[in-house]
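Please go over the structures that come below.
Look at the two complexes coming up: subunit A is in both, with subunit B in one and subunit C in the other.
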Partner chain A sequence: MASEIEKGTKYIPEMAQTEIDDLNKSIKTASLKVIEDNIERMKKAWKNRPQAMEYFDEISNLFGKRQEEIKQQKTAGKKVVGYSCIFAPIEMILAADAIPVRVGSGWYDTAKLGDRIMPVEICPVIRSTVGAKMVSLSPFLELSDAIVMPLTCDGRTKLSEILADYKPIWHMNPPRVKDDPHTLGMWKQEIMVIKEKIEKLTGNKITRKNLKEAIEKMQQATKAFRRLQDLRKGNPVINGRDAMLVNQTSLWDDVERWTQKVNELCDELEKRVEQKEHSTYPDTPRVMLTGTPMIWPDSWKVPNLIEESNPQGLVVVDEQCSGDRILYDPVGVDEWTMSDMLDAISERYLMACTCPCFTSEHGNEDRINWIIDRIKEYKVDGVIYYVVRGCILYAMEYQRIKRVLDKMNIPVYYLDTEYTREDVGQMKTRVEAFLEMLEARMDI
Partner chain B sequence: MTNNNEKTEYWRWLEYKKVMPNKDWKKAKIITAGVDVGSVGSKAVIMLDGEIYAWSVMRTGSNSSDSAKKALGWAMEDTGLTLEDFHYIVGTGYGRVNVPMANRAITEIACHAKGANYIWGPTVRTVLDVGGQDVKAIKIDENGKVVSFLMNDKCAAGTGRGMEVIADLLKIPIEDVGKESLRVNEEPEPVSSTCVVFAKTEAVGLLRKGWTKEKVIAAYVRAMAIRMSDLIEKVGCEKDFVITGGQSKNIGIVKRVENILGVKRLPVPNLKETGLDPVSAGAIGAALFAKALYEKSLKQ
Partner chain C sequence: MLEIIAETLRATIAVALILAGSLAILIWVRNNTRKLSALRLFIQIAAVAVIFLGLIIGPFGLERWSYLGTAPKDITIGKEILGRPYPDGLTVPTFSCYYASGRTATCVIWQLQSYLFPNYGTSSIYLTTGLERLAIAVGLLVVISVIFGRFLCGWICPFGLYMDLLTRLRKALKIRHWTLSDRVNEGLRQARYLIIAAFLILSFLLGMRAIAGVELISESELGRYLEIPFCQICPAKPLFVLVEGALGFMDVDYMLSQTIGDFALTGWYLTSINIVILGVVTVGSFMIRRLWCRICPLGGLIALFSRFGPFKKISLIKLTKVEEKCTKCGICKRVCPPQVTEVYEDKGGDVTVSSCILCFRCVEMCPYEGCLNVEFAGKPIYKSKNWLNEEE
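Moving on, here comes the complex of A and B:
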């Protein structure tokens, strides 16, 4: 099977090692500054930030402790399974005693590098991931022994080819229609293929026992996550940015430790509810974020703008695969048989997902309903619909969702941007004007 | 060959100011100001109990905070007012956070909405604000509150700065750009690129092709008008419709937007008599917000 492509015609042209090293060093230095700056800003916004947040600040350092920990575990023989999106069945990775890490990139600087290879029309999440690969920037991507790549959008589909030049890529085909009778069966087949691949890579069989344990671990994580989410429904005891960071660190942290730390945070926050100790004014306009994944650290541009604006906004909930969607749904098992557990995993990763890659005769109903429910539960005053240029599926779904929200009399603002820092001034005006509008509505 | 430096600056537009002769600020209960530091123009409006007393419109310099000081200083000139006399000042516009004497900053979107409501009254529903570096289509309610809005992306296409570049290129004084652009018998194809840099290149190409200056400027202005109309149509054009910002004076833009949308804007009031200047709508709105905020602070 000696195709022309196998002779080394990679997507990414060869670069001199010195150039790779220089770029890696300068981008990493810049990124560490962004991480530090984001955390400083979060601290500044909330003088009495809970002690439990310190843990998440530390884990948020993509080049820090967690990277070292995974390296050590790898040396001790563990395998690392990366995944590009949350269709990847984490429970199975855990069951085989491998380490799951998400590998999508939130670095603006590497998007510029990706421009050397990809046209600028391509979604920057993809260009940024390509750029990160060019200079081996992403610790988790580099540490991955294989990458699960669900083919949800065109960008990710082609990204998988680019990454396949470096890593074993395990494709998954999520059906685009959920409610056809045969689609769940198709998806279960995909899950079964991944199961075999994980077993082969790790040399560990996924058994009834270890899968049950993994499911229970993730259920605990979901429980902790929901506990934190519940705290965001009332008067503000945590800022949106902090909750978003907590949620996002679950994508690369050790899940059991993460769960414990979230529970510790919730213990602190529950006390604050009792003592009415708020993270910001209770009448701050309550904002929901939806749209393109907002990936740490550079994409904190948006929540920073919202929560540092005058008038200030508070992100109370999001509908993003980089946030509240990660852990909202547990795998629900009736009988702890292998077959039931696999069915439950298949259902959880397909049916509960509100990704705009889905469609039906009535549009992407699940996403719309999810948004409507959260608006009511979290008493949302306005929705910011965030889209990066080139993110076709989210951009297209906007009109339908806007119409639904218009009927509910919930203002929605389409905030389109790029992986760049240069538009911050202009975005600030847009975000502030939207928040002024929400504030003026609340005055009535 | 010597060139008179003044004459070569075709982009340079006139600055203006006025103090209403029959008003006495010493009799006013609440003295407020709105300072709108835009990317091209800085505008200051002083209000006595919510009525316009003095105003100034001048070019923004390289430093926002200096521009704010200069604009307000110019409006205050010969009035005897000092900064201590103001009860509340609101900064707005691109440089709103750098207005040193402001008690608070409010976006130009909210301020133009409020200002349009003040200038033309409660029937205004759609405001097109064409500034130096961006275009905003704003829907407002009868109280001048923003209902929804859209803003163009980061480039300066279709805005005051773009007009300045083209005026310089074609050697047409900026005040005449609109008028000149209407001196064509039929509308030319709009320039294909709305990016200022590309449009400039394209305009040079058209001149070489033998197009007249009027035709080239018409092609440019038309492209900008189409772009603005798209923005308004996206937000939904409801009557009454008004245009604010520096480009409200560009008759070439105004006529074309009206034609494309099939809606006439409300006429511009006699600003010399009243101070109701669409260019200063943002500063007017800011001065009104300043009054409301001051009154609110008294209640608390």
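Moving on, here comes the complex of A and C:
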């Protein structure tokens, strides 16, 4: 029996190479256009965009400079470790001198391809990743030597099986309850397993010294990230989309270079704060995004809509694992011993995370607290709760969060959508109505 | 002539210490980021210097290793404030050990035990009555506890400094600390009150010498020694005595001559139980951070007068937490020297608990701005902040 399974077919049906090439080419061309278009729109909306943003425009091209760089480093002997979700311990990958890249997929066109083998009820992030694999589109997925797959939701669980036909997949089991001391113990074990696997793949031992270096590198990145976030708290000196792009490029860029470039950007923005050079009118309604991850480039349709609608909105902060949650939490090490560093890493990736896959006897209160705090800190006028169809964990948590926000007298709007460009027109009407309401409230 | 040079030298040292201290505080205030541990170490060292100031500023014409209770500051403070000698020094709830010379203040535990029995201190140097002294000791204990709480444990206590130095040594050797399970920790926490009750009852009973005509202990040297039961098991006593002996501040021969005949190895200054306990605590607190603080009856006494009942409301120093800013990342729990879990578990508001030594390591390490706050009399004096700018 076992042999039958081994010989058995893969999840993804065999496709003719010509078909794969054709699809790859056409989707890639379309995607490059979307990237270009997004950047064009961002430039248009922000007349005096800082010089430092050019770097992020360049690195945002998924098929461009960074892909070539990783290819070169790979031929030089470096390993690439992909990860599907921010539960993966980046510090460990860096410590073993491998390149961490996130392999989520934001292509709308590949989601349709994914429909061929995935049920439509499944979240399009998963379907799109499957579709991207079918036509070998995603450069980072193709370049990965192994993929860390934290099984946070049902979609990712099965996605790991599909990808396992092509790459070594390293599963991680995040516990669904994080308050319990014994679940932290379980998670530490998962981290230790991943550590061994990374060491085996790269052939480099993760030592006290290189792990410390990696942690400090990431702490510097967090520091730069928080510097940028702090600039978004006051009058607008950076548009939401641009800040989101900066944050998201950290998922595939070289950490040190990214940190340096963000600091350059912050230097420029800090001057603008002094000169009161705003990116939009200071009284623009301030919007917070929360919900499903918004993945570059196609999912930019929502922030594009918000910041280009009439009246205009400004995304000041988000609560998404594709955005402000990536780098917000640092690894806090008490004593620089190996075991304390490992403890610190496991705690940072489990306990500080506010993913809706968690629960506790008080519900997922950490996420709610996160949202409440952000609303106060960033003086948010309204929340847009973005959910793609099939992202049930986020969808189910909406009711509770709405109730909390109602009590705070903060309007929240449930924006459900799909990986499709067809609903842009009607979404525009909905978003505009919401923003108009926010503006009216501000006048009172 | 020599006298003048010596006095000038002492004055210079004192001025230099003050200047260095103010400078350190100034530097810290300017880049007030992650240096709290360094500031704490400095204050701890300064506090030890102040507590044993008698050794530094000289004995004012008294012999260097003169007998207990004649530490110079004791007399001057007593004269200045009370108008008559108060030879045991003012009460401070830290381990400023009575048995070491040169101290300017005295551990409250020794005072409580001594003043509890009626016969003590009838000699001519005591111009205060036992009851008066007891009132002063308890009064000072309550007042200091309400104002500072266990801040004294974290920042002033010389024995705490000793344990922190052991921790620093362990860190330098890159050895990971051990942790006690929450149950053991809770057990130690409760044991403090048992120890307090035990030593107070014992010293009261033994101090009475006889109950209904039955003699409990004799009027001998050994009797005097047993009247102060806790000090004979306290790990701090041999530490200070040995350190002072090693530094030449106390005459070792004199120290050893003060043994009590019946117990060859026990004495006024050092008992064998003392030394064994000091050894255990030393090894233990090398591996486990602030081990003694978890069972320390002195800390328990301070906690009694700062964290319970009406004292909780009026105690000035507080650690507060803003629930919304907390992501429960668990750093506060991991970095806490006495392994307090309440700061992590409690929802928000006042999170100060009786086992917290207020060292503020959690506030220092909390990466969320304004999540953990130190309040003094309702005013925030230190907040958690983005500490990424600094590293150890």
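Throughout what follows, the second predicted complex is superposed on the first by the 440 of 444 C-alpha atoms of A that agree within 3 Å, B and C clash if a C-alpha of one lies under 4 Å from a C-alpha of the other, contacts with A are read in each partner's own complex, and residues count from 1 in each chain.
The rule is simple: contacts are C-beta pairs under 8 Å (C-beta built on N, C-alpha and C of every residue); 3 or more make two chains touch, one makes a residue touch a chain.
Everything numeric in this text was worked out from a predicted model, so none of it was measured.
Q: Clash or fit: subunit B and subunit C on subunit A?
A: In the arrangement built by aligning on subunit A, the partners subunit C and subunit B fit side by side.
Q: With the C-alpha centre of subunit A at the apex, what angle separates the C-alpha centres of subunit B and subunit C, reported to the nearest 10°?
A: With subunit A as the vertex, subunit B and subunit C sit 120 degrees apart.
Q: Looking at the overlay, what does A:437 touch: subunit B (first), subunit C (second), both, or neither?
A: first
Q: If we overlay the two complexes on their shared chain A, which of subunit B and subunit C does A:173 touch? Say first, second, both or neither.
A: A:173 sits against neither subunit B nor subunit C.
Q: On the A-aligned overlay, A:411 touches which partner chain: subunit B = first, subunit C = second, or both, or neither?
A: first
Q: For A:366, is the partner it touches subunit B (first), subunit C (second), both, or none of the two (neither)?
A: After superposition on chain A, A:366 lies in contact with subunit C alone.
Q: Which of the two partners, first being subunit B and second being subunit C, lies in contact with A:352: first, second, both, or neither?
A: Once the two structures are laid over each other on A, A:352 reaches subunit C alone.
Q: Is A:423 in contact with subunit B, with subunit C, with both, or with neither (first, second, both, neither)?
A: Only subunit B is touched by A:423; subunit C is not.
Q: Compare subunit B and subunit C by how many residues of subunit A each one touches, and report the one with more.
A: If we count touched residues of subunit A for both partners, the winner is C.
Q: Just to confirm the value: shortest Cα separation between subunit B and subunit C in the superposed three-chain model, in whole Å.
A: Checking C-alpha atoms only, subunit B sits 26 Å from subunit C at its nearest point.
Q: Where on subunit A do the contacts from subunit B and from subunit C line up?
A: Shared contact residues on subunit A (touching subunit B in one complex, subunit C in the other): none at all.
Q: Which bits of subunit A are touching subunit B when the two form their complex?
A: Of all residues in subunit A, those touching subunit B are 310, 411, 416, 422-423, 425-426, 429-430, 432-434, 436-437, 440-441.
Q: Could you pull out which subunit A residues touch subunit C in their complex?
A: 178-179, 184, 208, 216, 219-220, 222-223, 226, 329-330, 332, 334-340, 343-344, 347-348, 351-352, 354, 366, 369-370, 372-373, 376
Q: What part of subunit C is in contact with subunit A in the complex they form?
A: Residues 171, 174-177, 323-331, 334-335, 365, 367, 386, 388-389, 391-392 of subunit C touch subunit A in their complex.
Q: For subunit B, which residues count as touching subunit A in their complex?
A: For subunit B paired with subunit A, touching residues are 94, 104-110, 134, 145-149, 151, 153-154.
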